[in-house]
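The two complexes that follow have subunit A in common; it is paired with subunit B in the first and with subunit C in the second.
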Partner chain A sequence: MRAHRGIALALGLPWLLTFGLFWAFPMVYSLFMGFTDHQLLAKSFQWVGLDNYRALFRDPDFVSSLKNTFVFVLGTIPFTTVLSLAMALLVNRQFRGRGLFRAGYFLPSITSLVVISLIFTNLYSRGGYVALLAHVIGLTPPENGFLYDSGTALYAIMAMDVWMAVGYYMLIFLAGLKAIPEELYEAAEINGASPLRQFVSITLPMLRPVTLFIVVINSIKSFQIFTEMFVMTKGKFDTATTVYFIYDTGLTTQFKFGYASAAAYALFAIIGLFSLAQFILFRRRQEYSW
Partner chain B sequence: MVRPVSLPANALRYSLLGGLLVVMVFPLVWMFRVAFLQPGDSLSFGSLFGGGFTFGNFADLFVQTNMGRYLFNSALVGILVTLGNLVFCFMTGYTLARYRTLTNKALFVTVILILMIPAHVTIIPLYVLCVKARLFDSYGALILPWLVNPIGIFLVKQYVESVPPAMEEAARVDGAGEFRILFAVVMPVCRPALAVLAIQIFFTNWNSFFFPYILTSREELRTLPVGLALFQGHQAVDWQHLMAGSALAVLPVLALFILLQRRIVSGITAGAIKQ
Partner chain C sequence: MQKLLILIVTAVLTQSVARATTTLEWWQFWTDPDSRPTIQAIVDDFEKANPDIKVNITDLTWANGQEKIVIAFASGTGPDVVELGSDWIAQFAANGQLADISQRVIADSGNFQGWGLATYDGKVFGRPWILGTRVLFANEDLMRKAGYDTSFLPYNWPQLEQAAINIRHLGKDYYGWGSNTAEKHRLYKKFLPFFWSNGAQFFTDDNRYSIISSMKAIDALKFYKKLHDSAGFVGDQRSIEDAFLDGKIGFIISGDWLLKRIEVEKRKIDFKSGPIPGPKYPGKSFLGGEFLSINQASKNHDAALKFIAFVTSPENQLRFCKANRSANPSSLLAQQDPYFTGNPHLQAFIKQIKSAEHPPVDPHWVVIEDELEKAIEDALFGSRLPAQALRNAQTRITQARAKQ
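Right after this comes the complex of A and B.
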């Protein structure tokens, strides 16, 4: 195949150029920028070493953005995972109208995030549908609606996120369920295992790789939420997440490129560690289960 | 194996399924309902069933606001990005599947790398780069960085590996050139994978907000999501028109989804299983 090496390179060239220019170069440049005091209008900038990183962890805005991000990730992932699995089990069996229910549940996940955020801004507003629902079950909704209240805003956005994501992960769980060999269940049936026993001893262990995939992908996504906060609260009422902080310090009034880049890399490192921890955790559990 | 299900169990199942369906689609139903309300109508509980009905909000959007322009931008960028991905992901995926050279390994590593990088790490330098290269505030910034993507490359690579190389050999023996083989022989065979890719890219791009918002500032370049996100805040929120604009953003996706449901579902599940 040596004769074709030139062709191989030519075919890969558009990808190499796009990747190099718009992704690899910014990645490296961003790492470098994080060690400088680069700003938009400054003619020159200086190497400041780890100063940005030290300043970040003393910056109350950054620390609270990290806290909000962690509340968001840790608060949504368990709900999304358990609910989407439950929904997958519910629509896995053969029954009339199955396709309709699957499609309906999946619909929110292909809808634009901006549109969903706008709809929920309305639903969460003062006198909106959710406030009405709260009244019906005997709760008192916040006076100015759920989004203009530091006590509820972040949780309201989290609930919306779970609602939006479950349909997508339901589909992935469905694919995982389909991949489990039917014979396992037949054998369990013959041995008199109850449906609950079958679920715990066959379904859950067999779904472990899919679950890991879902948890990792979903947390990486959740660590990067921004649009919801931008559209619904503009980062106010204790909803500013880390990407919002990066946007705010780097690309709005302040244009502190160096500082914002350092924040981006700090987030990158946190996401990396978090994903690694999930891999290790799931692998451990796998060893003990057999 | 279908087990007989008792009537009460069935009733319970369907009420659970139905209740869930209401929760999942209600916000979208509400959006469409508000889009058709008269501008003066109140958005009370009752307006879901009663109240006015008009197409006027949609007409207003095109006459009084730039929503028509945003729609055009979204369509243009969406189509060009999708076409670019079809051609370039196909080329790169094919190379990865067929030629196992050193450059290939480098390509493969970059593909893996980009899958792991959170996109937001690159926003500041990407912004600076686009400003310096005079791409900022141009269609280039909306299109060029997204012309190829690693998921698409993977999808094509997996698919091409299932296509027998004998097909290309036969074409080669018949004297066809390499590029002709690529685009006239192999590409048509890969149609199922490319269809899945096209749908996913179009949806993602059509709905994307963050980068189009960061990399443009002129109103003429706003895509539909950007236009919608920045539509509110001038005066009090005008829900009727905002929801009409939102409906415009949802309709193409909804139509494609109804038409291509099976492909979309199989594409997503295939992607997940491969991981």
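Right after this comes the complex of A and C.
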């Protein structure tokens, strides 16, 4: 028994060391750094308690990045969820070429985010395709392109993100749809329920756990959006998000590790609260089960 | 006995050779095909002239080189000699990471330009090597179409503004002025020529207070915004240069890399270059550059000093600039070479360097630059008036500098 425990420890050690060194220690140490005035180039740092956190919520840049992040999250989640469900319902039917549509919808999700960002930078530029479309339908696009205008830049990136994300969540909804017993629809049909009633009373309730999953992971991902801003706008034109703020403060402009760590943990807490609120909201009603 | 004697002699010789060789680590940024072989050749020549010193080159990129340098110095593993952009020197010097070479460069003080960029707290922390500035580029064809005599460029603000507007009115695809979008590290360098030309300053003469929102600064930003609004082609630096080379923009501010690009791409464009306009002629421009600094923690200060003096000597600067084709020497002697005096465009840069100013050498420069850039962005693209944007920047710069 004792020998087995030793062997078990020995076999688990490589993973434990890797986990401890590259995940657990950084997590704990950065929490500690959030309470210091650590700056990479400075010779020493000292404990400052909650000063970093107080300064954060007085920092116009951090507050602005939070606002942009919330606009991004609250603006993309509904569209992504509704569109991916709609697409899942469409490709859930039997029709010729269904596999092709499914693959096509999913393709953006497996394309490099940087590549997509660069392509959309061109689409959104002055004289780009989106500006051309705007002219065709009688609208006046921003003179310098959608990404060089504070009024449109964030929304342009949001639209791109919805386009990228729906395919992935469509697949998850598809899995959820296939898990709904066919008997329920047959019984409803026999009792004269219309397709709309079937959707509202059977499909939506049965998809609630899947919807919760999608909304939560999409929210967590969206709160941490960074690459699009880095490639397309460098955080300018009111597009700096919280992770971009952390990157800029901690890693490029000022190397303020302590302050950036505090910002990271503030974001962590906000994401945690947001997810908790979603769980509470979605679990309010009784779960259906056999 | 004989074997023992041979062994002892061998050991002594080996030890002598090992003890006589000094190794310098040099981190540098010139990795492009035109420059890198010349860097190696200069190092090879130095090693020939100094057989007891060996130099190891590490190449950095502009994308992540600064971060590597910061991390290396923070962890105590920095190189003996490092190339630094001029706006990085103060931050490293303030933390005691660079060697003070003031006493060793007094003899050279009158032979090179750019010392001010490497001087922090009254001490010199680097040798000026390559200097960079910006000049006005004009499309002569568009100037003629707008009715202007191309034998001279606009030399004050009203002339520049009027010429830019007239070119803008040539057609919807023509613009008078290349106006940078909110581009980090670039936008402020296009505004500062107007700021300094108008006599504005970052700080009071005693360096204590920020006065970035003085009336002179506000007027400069108002003028810059007027150019942007009335004649501006807004884009990043690359697209502005593309449009200029395509004959769409009348005036842009750019650097010597544009000359190299015109040459490399064999662009047929009728253009002129000259000093940036200002209330007084010639206007002022932005001055930056590359400096060679010595790590305070290095054990090879003397060898490092010898090395950086060699690399920055007039002949080696000239050699490097000819190979690179988009660099200006800090050496006054190199600047007088026919390579520069015989080319009107290169000469425009040499002349502009003499009336260029550099940003304050301040360890908080990264914050100052950031706040200035935000102020310009707010004025050009946001809803703030220039005066309010600059006042906000001044407040935040003052707060940042107060945190020591």
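Keep this in mind: the second predicted complex is superposed on the first by the 274 of 290 C-alpha atoms of A that agree within 3 Å, B and C clash if a C-alpha of one lies under 4 Å from a C-alpha of the other, contacts with A are read in each partner's own complex, and residues count from 1 in each chain.
The definition used in the following text is that a residue touches a chain if its C-beta (ideal position, glycine included) is under 8 Å from a C-beta of that chain, and two chains touch if they have at least 3 such contacts.
What you are looking at is a predicted structure, and each value in this text was computed from that prediction instead of being measured.
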> With the two structures laid over each other on chain A, which partner does A:Y148 touch: subunit B (first), subunit C (second), both, or neither?
Replying inline: second
>> Between subunit B and subunit C, whom does A:L118 touch in the aligned arrangement: first, second, both, or neither?
In response: first
>> Tell me which touches more residues of subunit A here: subunit C or subunit B.
In response: B
> First (subunit B), second (subunit C), both or neither: which does A:L177 touch?
Replying inline: neither
> Of the partners subunit B and subunit C, which touch A:L251 in the superposed model: first, second, both, neither?
Replying inline: both
> Between subunit B (first) and subunit C (second), which, if any, makes contact with A:V162: first, second, both or neither?
Replying inline: neither
>> By the touch definition above, which subunit A residues appear in both interfaces, subunit B in one complex and subunit C in the other?
In response: 251
>> Please output the residues of subunit A touching subunit C within their complex, sorted ascending.
In response: 40-43, 126, 143-144, 148-150, 233-234, 236-237, 251-255
> Touching subunit A in the complex: which residues of subunit B?
Replying inline: 1-2, 13, 16-17, 20-21, 23-25, 27-28, 30-31, 34, 43-45, 87-89, 91-92, 94-96, 98-101, 103-104, 107, 110, 114, 117-129, 144-145, 147-148, 153, 178, 182, 203, 206-207, 209-210, 213-214, 224-226, 228-229, 232, 237, 239, 242-243, 246, 249-250, 253-254, 257, 261, 264-265, 268-270, 272-273, 275
>> Applying the document's contact rule, which stretches of subunit C touch subunit A when the two form their complex?
In response: 67, 70-71, 73-74, 91-92, 95-97, 181-184, 234-235, 366-367, 370, 377, 381-382
> Quick one: in the complex, what on subunit A touches subunit B?
Replying inline: 1, 4-5, 7-9, 11-12, 14-16, 18-19, 21-27, 29-30, 33, 87, 90-91, 94-95, 97, 99-108, 110-123, 127-129, 132, 163, 167-168, 171-172, 174-176, 179, 182, 210, 213, 220, 223-224, 226-227, 230-231, 243, 246-247, 250-251, 257, 260-261, 264-265, 267-268, 271
